[in-house]
Amino acid sequence: MCAIVGIYGNENAARLASLALFSMQHRGQEATGISSSCDGKIYTKKDRGLVSEVFTDEALKYLKGDMAIGHNRYSTAGGDSILDAQPVFAKYKLGEISIVHNGNLINKDEVRRELIDNGAIFQTGMDTENLIHLIAKNSKDRLRDRIEEALQKTIGAYCFIIQSRNKQFVIRDRYGIRPLSLGKLKSGGYIVASETCAFELVDAKFIRDIRPGEMLIFSKKSDEPESIQLFEPEFRPCAFEYVYFARPDSEIDGKNVYNTRENMGKTLAKNDKGNGIHVDMVIPVPDSGVPAALGYASESKIPFKYGIIRNHYVGRTFIEPTQEMRNMKVKMKLSPMRSLIEGKSLLVIDDSIVRGTTSKRIVRMLKEAGAKEVHFRVASPEIKYPCFYGIDTPSKEELISHRMTKEEICEYIEADTLEYLSIEDLVNSIGNDRHYALESFDGDYFVTK
Amino acid sequence: MCAIVGIYGNENAARLASLALFSMQHRGQEATGISSSCDGKIYTKKDRGLVSEVFTDEALKYLKGDMAIGHNRYSTAGGDSILDAQPVFAKYKLGEISIVHNGNLINKDEVRRELIDNGAIFQTGMDTENLIHLIAKNSKDRLRDRIEEALQKTIGAYCFIIQSRNKQFVIRDRYGIRPLSLGKLKSGGYIVASETCAFELVDAKFIRDIRPGEMLIFSKKSDEPESIQLFEPEFRPCAFEYVYFARPDSEIDGKNVYNTRENMGKTLAKNDKGNGIHVDMVIPVPDSGVPAALGYASESKIPFKYGIIRNHYVGRTFIEPTQEMRNMKVKMKLSPMRSLIEGKSLLVIDDSIVRGTTSKRIVRMLKEAGAKEVHFRVASPEIKYPCFYGIDTPSKEELISHRMTKEEICEYIEADTLEYLSIEDLVNSIGNDRHYALESFDGDYFVTK
Amino acid sequence: MCAIVGIYGNENAARLASLALFSMQHRGQEATGISSSCDGKIYTKKDRGLVSEVFTDEALKYLKGDMAIGHNRYSTAGGDSILDAQPVFAKYKLGEISIVHNGNLINKDEVRRELIDNGAIFQTGMDTENLIHLIAKNSKDRLRDRIEEALQKTIGAYCFIIQSRNKQFVIRDRYGIRPLSLGKLKSGGYIVASETCAFELVDAKFIRDIRPGEMLIFSKKSDEPESIQLFEPEFRPCAFEYVYFARPDSEIDGKNVYNTRENMGKTLAKNDKGNGIHVDMVIPVPDSGVPAALGYASESKIPFKYGIIRNHYVGRTFIEPTQEMRNMKVKMKLSPMRSLIEGKSLLVIDDSIVRGTTSKRIVRMLKEAGAKEVHFRVASPEIKYPCFYGIDTPSKEELISHRMTKEEICEYIEADTLEYLSIEDLVNSIGNDRHYALESFDGDYFVTK
Amino acid sequence: MCAIVGIYGNENAARLASLALFSMQHRGQEATGISSSCDGKIYTKKDRGLVSEVFTDEALKYLKGDMAIGHNRYSTAGGDSILDAQPVFAKYKLGEISIVHNGNLINKDEVRRELIDNGAIFQTGMDTENLIHLIAKNSKDRLRDRIEEALQKTIGAYCFIIQSRNKQFVIRDRYGIRPLSLGKLKSGGYIVASETCAFELVDAKFIRDIRPGEMLIFSKKSDEPESIQLFEPEFRPCAFEYVYFARPDSEIDGKNVYNTRENMGKTLAKNDKGNGIHVDMVIPVPDSGVPAALGYASESKIPFKYGIIRNHYVGRTFIEPTQEMRNMKVKMKLSPMRSLIEGKSLLVIDDSIVRGTTSKRIVRMLKEAGAKEVHFRVASPEIKYPCFYGIDTPSKEELISHRMTKEEICEYIEADTLEYLSIEDLVNSIGNDRHYALESFDGDYFVTK
């Protein structure tokens, strides 16, 4: 649950990378970093904080060169998270190298154990360090060959951008689980980014998505990136990007995120037809529930109302509420539109339910604000399994759908009714022209190579 | 264009005041401050920054006592703005006093000149300092009498909360231009705040709005505040609060802000009926254009789409774009949903047009993203006159509607068509049961006493 | 216990003022501020913190103009000390004015009460505000006349620098209690500063001290400042500046501070002659005890040793020691030279004893480090009375010499012997050619007009 | 040029480590870090800044456990120095490990090349990373055996403290170049620190110095540390610690630093006997020149005067002086005592001359302050060679004594006469009972194994 970017062949490489990361801040707010390459040397700046805080003019001046890679980090536990920020830089036999990674390697512990058994040291908790070791231990003369062989031992959901002193290697796993798109910068050179929403601000034109199992190589040899199909593609992009994670204005693998969310809402509405429930309005949980709620409203002809206001000034530290001030955590962020709600039956749409605690607080908040009924609709199926492919979900035990039936959850969150999308509904909403990674819903951990 | 709050009779007074200010952060982000009273002493903490930054636990511990007043400041020019933060504190003959103010005194220069001629000194640029001087110079024995006489010399749009060592005085001008509401805290005591949206987080029940020309006095003498009608009411609340400034979940003088904005959108739609223009979707300029766009869509049956995404991570300092990266300022904040827009005719709704530069950039951004036509609709009338009643508008010369006709503006912002609400439309949308302060639209500067 | 500076007639006025304040940082570390004047407008920047933190290049750019006044503040109690930083700025009838002040007005409460009774408001706790009010209330047409009359009502120890839009007025009280010197800047114009040590860094040549009761006026009328003898001089400069407060490289009223401290040490040595005590070395309590210890050593021929090391990295916040780690507060700052001390008889010299707690901790630290005997010598007389003339001393009750005899103090601090200078010794050490302000030692509060 | 500390067997381990680092702040101000061990896990906190800034109560709470190692870093070049802060932490085959290092490995490039050739990656520029790799690559089962073998390949001047989950290994190179001492904490457990000055604040009793070539192992097996003589000792402690680097209250290998500096000054005085130069006073360049100047004065009977004042408020960022304000950099820090100096012949003592620029500025400053003659004495021999054993000296070309004779330097720095200590003088001043590392003076790079 991170964002990565690569800029190749533009004299403002680091600046453009920082703007792209800024556009993808929603994918990670804890730490950010950029490595640039110039005259055979790699420059790195990474730190805790938002993109707009870390990349001062001074920092961008330090990041010289016409190529750069960057990363936004979602979150880490522990005291010194700066060590777990990316890019990961190292010197090894062929020179200097820097890597950014979005995803999760499922065989990382085995690989790490083997590497450690052979005398490697690990200075961070990041699986990105695995890949550098595999590249460094390899005996091939060319970086591209080392990368290829290293990837043979790398199982998981991943997008890597690897930068040497004068090249960039872009790799997407054979399943294409995490998104990655290629664009052409109007001011010269190329951009590769986790989401196409990054292209607007840097004035880039979308070219195509990186193909599952593909490696792109940017080098001085050619104006166009070289493409190598490293692995047989078995395309299964992550459904969760459409459900919750991506920005609605992004196109992920040819599908507009906003549209898919609208479809999810429409499907919920179709499913509700003839259920005998009368509601006065459709209300989204902002911001991610908005498109689905708009879809539900347009399908059902029930009025859409912005019944919950989101406060965007919530900072990273503030008043710890005293014991009497309970339920305040949700209310700091979300506020009910009392006059709209009072005495009304509401159909509330959120993108997903994970632990159930936030949903419960929202329902309670709406009822305290006078709602007569709260019918809760979830624009995704029940999350019964943790994701090991790059989304930060809690353990199985904490997932409410692992422990409770839909009916029990409905009672727990104090809603009047509760409905989810079925897995089939979800697939149809995104587009049933391909398979998706759905492991959080169906437990099919298909990544094996 | 500020927020004020008073908490009376609650042992967590400063903490509750900070939460209320947090809920009203949209009314001012430059500086914030709170004065509490305890055992005959007034404690003040004010500083630049957001509420969540200034009011640390340490600060709140310092602000002892069961009564507190607070303020969010919109913006000031100059180098040392901390001196212009509120509350304004002073010692004077009857003891200590602290004042917060939302509004603008139109005779402040004359009053200040007269006070200065009589030997007063002014240490800030704030008109609030005038009122303290008028109170201090008065010879009456009771603070309430001094306040009354001081207000006789005070002409303008204002809400004051004045705190002495053991009382709070709440005053709203005779026109009721700026909003001010009274609530009862469930944990004990009262709250007075610029907007009712502050009541949610502190768990307060709305009682009523402060009446135009009313003074409320909170004291130990009575559980209920004492009410004095200081001035003959001539009710004319500010229409701009409904158009743009207030949070949509607030009730201003009995009218829900969200509803009035929806009505404005519906009226725009009615006006467009039969105009022969075909559009594919209604798109709001987020966030303030959303309710009107929803209203337009529901009235016109044209689909509402969230075609512009707002980035909420824009910090206070960031990369100064280089010359080549023009138009970026708007794009840092707003991003077009390219796939939704491409080849489509759009009806775009914003709350108002002030200088016209932002509107022009939005239209251009949408067209660059592929929009076939952009029909711009403004959910308020043309702003032809500066506001002197507390809204921070630019000078007459900078107001585009002062210099250009609607047709010229339409051409300037490169829209296909442009429509505003008429003043009558606006009044009807809010509710034609009363007069409003409409000076920005009609130039009627009615405040004379 | 503050520092003030005025720069007149130099295009780098604010920058030079900041350098002078930097050189006088020892006189106050809590807050600092500068007001400059340019084109009829006064610019002010003041904040908590050290000079090197507050006066960034940005701040200095804001402080335009060829005249500036500045201030370092020693300390204030309370939560929002920024309001008590100087310069104090105000608008009044004749325009804008800004004042810095070093000293203490002994009739401030009466004056303030009278001003308040006449309707004045006070926004800070600083007596500087009194003077602005007195100037503002005056009805004379010229600022100089207003200042003169205001000073008639001002009793105390003071140095003021008052800046209008185009003039600077420098005043020293009739007793010349607090120091103030005039210098000529090699880069053009004049400097007035509390201590001559400020002249080095700004490359100024010492001209003379401001005379007791003198007012200097800098204006465009003349290249030289105009001098007016406002009050009959009754010269009694503060002895404490020589004892402790001034930097040793300053000349205060024609006497080099370092020399006077050396003399104090020599006198202590003379007094010790024939007392039968044998000591192995003379050790200063650094840094202020060093010159007296050198004087003692040179007179007594006993070796001088740097037996206590001072740690200059003590920041403003650090680890709160746990209960077991007692006595650590002194040891964070001072560290004994164990190998030098072990088994030796020491003569330890400090500049003064106020409460006695630090002296006790030093003696104990030295004994724990192995000192056989510790003979404590104080390079000043017993402090029996609080100072009301600008030095921040504790209340009478906290002064150990108010409660205890010399013998009792010796026992309390666990020293083997203890000797002070007599008042006569002190006077002779500084120079018996004039009277001094000695109120902390003899209780003679002579300031009456 | 760093400080290291280890605390073993005390429940306040991290707190005591921070206090010890605070006492050794003079050995490095750029970055600081601590690793503690608790319940089989290592906790690390490191950051840019002073000890008192980095180790907040929160940080110390995170650093759980009864053992801790810490480090102060002198300086690094480049943009992201936080990555080069210590301790260096890694996971490897036997578990978790953390290392601090003071010194310099002279074969680091060869070792690194060999490691890299074998597939290792290096993530920092620190030679400490070499040692971790050597330990990790080793195939022995016990950490102690791995450390022993790793050290066989490690040539240089070093002190290491290596912490595993439950042990601490302390190693000093066979020459004992960098200092390292063992103490017993009164509150329980042991301390090992670069300088004994760290023992005062943590209330530890000095036991002995770590022997050249010794490894101490702290473990639960025994109350006493186990001692292993890893290498045949060839004792040659660094003379520079006595000349300049150590705090004067430290004992380095049985010799008190202050005493040795006093001796250096006395020797300079003896050498000057009969040279026909008459001076009025001896003046130190503070702070490090003070003991030598005291020694010179006591030997020559010429009065010692504190003729240069040092300003300790110099922060890390301040006003960049304009072009006209030259020579200011030295004057920000050092200020001449004009009245003492005027018309006098001075003998000025500094600890060393490296590039010559500071000495030149000091002489010029003193002459501008009126000194008739300035005789410059240096309490060390001419520095002709860079140090590769852990002191941060510039390249050979920048060393003034490499390029110029004594006579040329005297002319360059504008002194009247200039004298150094001979190498023999230096050795005799410290104590001629052993050999010293003198490579900066004699170019004897003796470290070969």
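Order of writing sets the labels: A, B, C and D. Residues in every chain begin at 1.
Note that in this section a contact is a pair of C-beta atoms (placed from the backbone, for glycine too) under 8 Å apart; a residue touches a chain by one contact, two chains touch by 3 or more.
Note that this is a predicted model, so its numbers are computed, not measured.
Trainee: Starting from the Cα centroid of chain D, hunt down the chain whose centroid lies farthest away.
Mentor: For chain D, the chain whose C-alpha mean is farthest off is B.
Trainee: Just how far, in Å, is the C-alpha centre of chain D from the one of chain A?
Mentor: Each chain reduced to its C-alpha mean, chain A and chain D end up 48 Å apart.
Trainee: Would you mind pulling out the distance in Å between where the CA atoms of chain B average out and where those of chain D do?
Mentor: So the centroids are 60 Å from each other.
Trainee: Taking the mean of the C-alpha atoms as each chain's centre, how many Å separate chain A from chain B?
Mentor: 36
Trainee: Tell me, which residues of chain C touch at least two other chains?
Mentor: In chain C, no residue touches two or more other chains.
Trainee: If each chain is a node and each touching pair an edge, is that a line, ring, star, complete or other?
Mentor: Topology of touching chains reads as a ring, each chain with two neighbours.
Trainee: Note which residues of chain B are touching chain A in the complex, please.
Mentor: Contacts found on chain B: 12, 15, 18-19, 22-23, 25-26, 29, 50-53, 55-57, 60, 187, 197, 200-201, 203, 247-249, 251, 256, 258-259, 290-291, 294, 298, 303-306, 309, 311-315, 317-320, 322, 324-325, 328, 331-332, 335-340, 369.
Trainee: Within their complex, state which residues of chain A touch chain D.
Mentor: Residues of chain A touching chain D: 43-47, 59, 62, 79-80, 82-83, 88-93, 116-117, 119-123, 132-133, 136-139.
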